[in-house]
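Just so it is clear, A, B, C, D and E label the chains in written order, and each chain counts residues from 1 on its own.
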Amino acid sequence: MNTLLSVQDIETAYGSSQVLFGLSFEIREGETATLLGRNGVGKTTTLRSILGLTPVQRGAVHFCGQRIEAMATDHIARLGMAIVPEGRRIFPNLTVRENLLAFAGNRSKSQNPWTLQRIHALFQPLQQRSNHMGNQLSGGEQQMLAIGRALMTNPRLLILDEASEGLSPHMREEIWRCLGRLREHGQTILVIDKYVERLLSLADHHTVIERGRVAWSGSSGQLRAAPDIWQRYVGV
Amino acid sequence: MDLAFAIENLLNGLQFGLMLFLLAAGLTLVFGIMDVVNLAHGSLYMAGAYFAATFTSLCGSFWAGLLLSVAATAAVGVLLEMAVFRRLYQRSHLSQLLATFALILIFNELARMIWGAQALTLNTPPVFSRPVELLPGFSYSSFRLFIIGTGLAVAALMYLIVVKTRLGMLVRAGASDREMAITMGIDIARVFTLLFAFGAALCALAGTLLGAILEVQVGMGESILILAFVVIVIGGVGSIRGALVGALLVGMVDTLSRSLLPAALRAIMAPEAAAGVGPSLASILIYVLMAAVLFFKPRGLFPARG
Amino acid sequence: MTSHLHHPLPALRMALLLALMLLLPLVAQAFGQEYYIGVVSRMLIFALAASSLNLILGFGGMVSLGHAAYFGAGAYTVGILMQNGVLSGWLSWPLAMLVGALLACLVGLISLRTKGVYFIMITLAFAQMIYYIVIGLEVKGGDESIRLPQRSSIGLNLSSDTTFHYVVLVLVSIFLLLIHRLINSRFGRVLQAIRENETRMEAIGYPVLRYKLVCFVIAGALASFAGALLANQNQFVSPGLLHWTQSGSLLVMVILGGAGYFSGGIIGAIAVLMLEEILSAYTIHWQLILGAILLGVVLLLPNGLASCLQRGSKA
Amino acid sequence: MNADVLSLHQLVKRYGGLVATDHLDLNIRHGEIHAIIGPNGAGKTTLIQQISGAIAPDRGRICFHGQDITRTTMHQRVRLGLARSYQITSVFPACSVLDNIALAVQARRGSSMRFWKPALADGALFEEARAIGCRIGLAARLDMRAGHLAHGEQRQLEVGLALATSPALLLLDEPMAGMGDSTGMIALLDSLRNQLGIVLIEHDMHAVFQLADRISVLVSGRIIATGTAEQIRSDAQVRKAYLGDEAMA
Amino acid sequence: ADKIKIGFISSLSGSGGALGVDIRDGFQLALTNGNNKLGGLPVELSVLDDQMNPDIGRQASERLIKRDHVDVMTGMVFSNVLLPLLPAILESDTVYISTNTGPADYAGEKCNKNFFVISWQNEDLPGAMGKYVTQQNEQNVFLIGANYPGGRESIAGFKRHYKGKIADEVYVKLGQLDFSAELAQARVSKADSVFFFLPGAMGSAFLKQMDSGGLNKTMRIYAPGFSGDQDSIKAVGEPMLGMYNASQWASDLDNAENAKFVRAFEKQYGRIPTMYAAQGYDAALLLDGAVRDVKGHIEDKTAFRKALRAANFKSVRGDFKFNRNHYPIHNIHMRVVERDKQGRISNRTVGMIAKDYSDPYAVNCKMD
């Protein structure tokens, strides 16, 4: 399998406060990977650095064989990266339907691309609320919309930053199942989530972050076998 | 009051309203949808009128003048967007206010330096120079009818672009959360430049059409700009339907108050006093209308949802 | 402890400014340039007007495009009273403040329901109404303005520009100090937090509307007082004071100076008036240069001039 | 004896054709932690909005300590002892964490119509704020701008703001969401038990089952079941409507 | 004195900016022609902009009086700017020569030794129009004016001399540009002709809209010279052809000084001068004559004022005298807008309608 994304030794800061201190990891094509760590260790910052939203000061990021750390964010996204951001960030002045359609595309040249129908089938509430404005949705509905919006671009790399936040257990389970199916179809996925236990069965590879550095990385099997790591860096 | 007078007043109201709408149209895009408080909108309107007057007298044709003016103003718009506005999107409304105020000063002075302090000639094209007879003995300016038509057409076009097309969605998305729109892979900078140019082109259209019956002069933008803002706010910022309704409302109220109020006042007070009070009262009415609308609907008549 | 809601008094700068203002008449007289005394008094008056706007705009987050209404109301109160034979400043100045406060209360009660651009426009609407009412009223003399036969009498000879300057200096300093105390008081913190997040303030138990209204009224009274002083300086009152461009220029002063910085209104008023004074003498195309300077400042200093002087206090 | 802090009678809220709250009755006892769970879009946030006064119900009554508060404003309810947190973080982003909390403390400690004395001189205000800051686990972050906090930390502050108004009833809308390790928050809420009533909306079942004295299940604007954790866990209807398989885990 | 310091304040920007610029250009032209000397004294000229705002104007006049200590002030366009500033100017014993507005206020009892009006009393031109319209046997005139003191005074001046019936009398907000409602009223009033006083852009917009509504075919249009001058013509163009307007000056007035002025102005600025330009030019000529008469001793204020009062200069408008109130006694001519020999649209003088016209307020003035 090829490496789809590689992050090498990046350092990132907000103004004068540095958050990432030489962080590296890789994701191979078709793999499901996670970033784990307590609140505020820099998980979201890592994602922002990859997407070019917060410029990295040192280090390199490669995606699909291209160096991207100096590219414009929209350009990176069009290479085939889509994110379900922390806090959902639905467009409040677009309807549910528009939120889904405005950015639709097939950036991974997928055989079986996501369409409005498939999204509706996955998240029935969205179909019922099709003409509601984004800000008229409940928290969980917004979360579904954020996931749907990312899927609609049919990305090569799907990134989920706490995508299960605010979802009911039922719906959360639905998402996990869906991610599982996607993985079977060869979708590359990067997940950040607090339900680590569930991630163990879902993901292939884990990177644990502590204070802007990689504290541990390994496969699900290895992590399951190392509960101390878990307890020390992730809690729960 | 005879029928012709009534019809004329209605047409006048409609016409004045759509005239305001033409001006408000570009503003709806830039201010209502892109969410940039653009005081310099009036300057683009002025630029459009000056270009039209210049090109019309050079080419000898109003229509050629109009086309060239639209192109030239759109080009100015693009330049302006890339040089100034691009840096203002993420800024507060306050910065935008100050920056675009500065642009007004610059534009006015440039126009004065280039074209002189005196007004320029821009007249209605020959096709529309003659009034049309709507009723026996009652004729109405054909150019004003043309303005009515153009106003409605622009409204329809804008509605299609903003509400029905993907471009419209992207613009709205970019305006509400620029970073997220970029993260979704949209080159918002380009989209906004395009939209700004389109707004400038609408300004040129308004400047040319209105310049032909009003004036082409330095400072022509500011006096009417306030009315355009009033229109948009009454209608609900960001809503095209709102802008249209707001424009018609303001047009009607203003026209009717100007034509009916003096007569009404003369019935209850001395003509001398009525002559003094009438115009003041008529000028106040629009603002009373706006305050009343906002009192009952703090986000305008058709609040753009979001 | 640092707090972004706290604004330490830029004591050294203010002391320097005060000293400058105190000495100026003496220096000007020594050089036979009494003209500049008037220029500086005017700056002080506008500094107060702009600071009052800064209070609602910079600290309270209420962008009003109708501040000229209160400014003008103060001036007209003094003008009309004087037309009717009331010459005493002890009477007309407090009355001017009262009129401004009442007007602001009325406008505020209705406008504060709206937010953002709607608020901008509704305040403009009220100012315009007042403008047209004043134009329609027959309070004026042979022209559009009211001419004052003299400056208000307060027991000092105000017709001397120097005395007038000192009176203005004392009064404006007092009111500016008041504003400074206010923004650092409990009330000031509430105000600034409302600017940050109004809904949340409501949700932790503040009657937001009441605080905004009180602030609006205070600002109205202060602006009105500045207007009363300006009427005295000019010795006439014209509708131009009520025109929306006057509101606009106060707004420009505040934004240029730095909205939300205590010294923003002061710096802005001085900068704008000084630029006008210098540039207009230099070329008749001065507005081009002024525009370019303003544009440059916005693009380079997003938070206004005060932000570069006061970097430490508000990160 | 009336031990109920809050009681809702036949509350109705419609959004167009959608009935978000459907003739809902609910009683919250003093000192209990009452969890409200239910599928997404069931109307939980809408309920909190009505109780806190952010939106007005179409019909029905809200009583707090036996007093009808249906028509009182949000800030009055806070004064009466009702505080809420937001599902979507709502803090004062440009203010420091300490300032954030101090503002909430100030709201209840004395009048804020004071124009002369510098607020910073008011030591008690900030001491109390500091204590609350430590309690919610943000001791190391007190001087940081709230807007610069990581998402999870902002969620902590969100709860802290509500807590700082020292309410008799705390309405928490998904306080654990976005918080990686919720043990701290669970411990905090647990420590509040018996001091004040808590309405807890949460999708983290682990936390709900651990904390809640009683649980109500809300589906389509109606409460379909109320009971202890054990009762709810074993309710077939609830399992089908909401819990799915996870609760088993 | 070894030089004469002149303070020139005018509206150089804003909607009335064109007027101020014309006055300045006319004044400046006379100075240029005389090698920057007036009556043999070198001139130190400061030009300031009042932006049509009395508050700004006051700043400018303070500066000129208190800092520059000018000998003479001149240049303002609008009465609402001039009037509030005038008390301070006159109190400082500075001579003010009004180059445009001639307010009634200072024409009667309040006439002042330091105040001279080179242009006209505000009612002169509308009054002359009233007389002319009556002579034309117009019976039913529609009156429309801007709602501000100048506008109301002008309409009053017209009515003072007009003897026929008034179909309707309408006032509009100053600065209004769309006249559809007023034109509808004119139409229902069944008037035969229209007299309007709408300054600046308002006038040109009004004329354009009369034209596009076809009303200029059914009604004859009259206006005072301000609305029929070259600046309006430049804005309106052909629709103005055939419009009658009264003025104390016209570019084709037959006198040597005028011919020289018009030629020089066109050469210097590339446009036909307006009456404002002529007024500015005359102001400079007036000063030139007076300074020469006192042989440069302008520091003798009494002698200087006396020399000004004597008006010992050749006005471009022909015969010119000051009345006891220092307002003009002059002839008023009727002009009509036509194409000239080169095909340019401009005014042609039809004839004189008032000879040695003086305003009605002068009798109340106690000077002399």
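Basically, contacts are C-beta pairs under 8 Å (C-beta built on N, C-alpha and C of every residue); 3 or more make two chains touch, one makes a residue touch a chain.
Being a predicted model, the structure only gives us computed values, none of them experimental.
Among the other chains, A has the CA centre that is most remote from the centre of subunit C.
Between A-B and B-E, more C-beta contact pairs join the chains of B-E.
Look at where the CA atoms of subunit B average out and do the same for subunit D: the two points lie 48 Å apart. A separation of 29 Å divides the Cα centre of subunit A from that of subunit D. Per-chain Cα centroids separate subunit A from subunit C by 51 Å. Each chain gets a centre from the mean of its Cα atoms; for subunit C and subunit E, those two points are 37 Å apart. Along subunit E, residues 12-13, 147, 173 each make contact with two or more other chains. Residues of subunit B in contact with two or more other chains: 108-109, 112, 276, 279-280, 283. Multi-chain contact residues of subunit C, defined as those touching 2 or more other chains: 132, 135, 287. All chain pairs that count as touching, in label order, are A-B, A-D, B-C, B-E, C-D, C-E.
Of all residues in subunit D, only 52, 54, 73-76, 78-79, 83-84, 86, 90-96, 98-99, 102-104, 106-108, 110-120, 122, 126, 143, 145, 161-162, 164-165 touch subunit C in the complex they form.
The touching residues of subunit B, when paired with subunit E in their complex, are 1-2, 5, 8-9, 12, 15-16, 19, 108-109, 112, 116-121, 123-124, 128-131, 139-144, 212-220, 223-224, 254-256, 258-259, 262, 271, 275-276, 278-280, 282-283.
Within the complex formed with subunit D, the residues of subunit C that make contact are 1-6, 181-182, 184-190, 193, 196-197, 199-208, 211, 214, 315. Remark: subunit D residues 15, 37-46, 87-89, 148-153, 173-174, 177-183, 203, 205, 242-247, 249 touch subunit A in the complex.
Across the complex, subunit B is touched by residues 57, 63, 110-111, 113-118, 121-122, 124-126, 128-129, 132-133, 135-136, 138, 244, 248, 251-252, 255-256, 259, 285, 287-288, 290-295, 297-299, 302 of subunit C.
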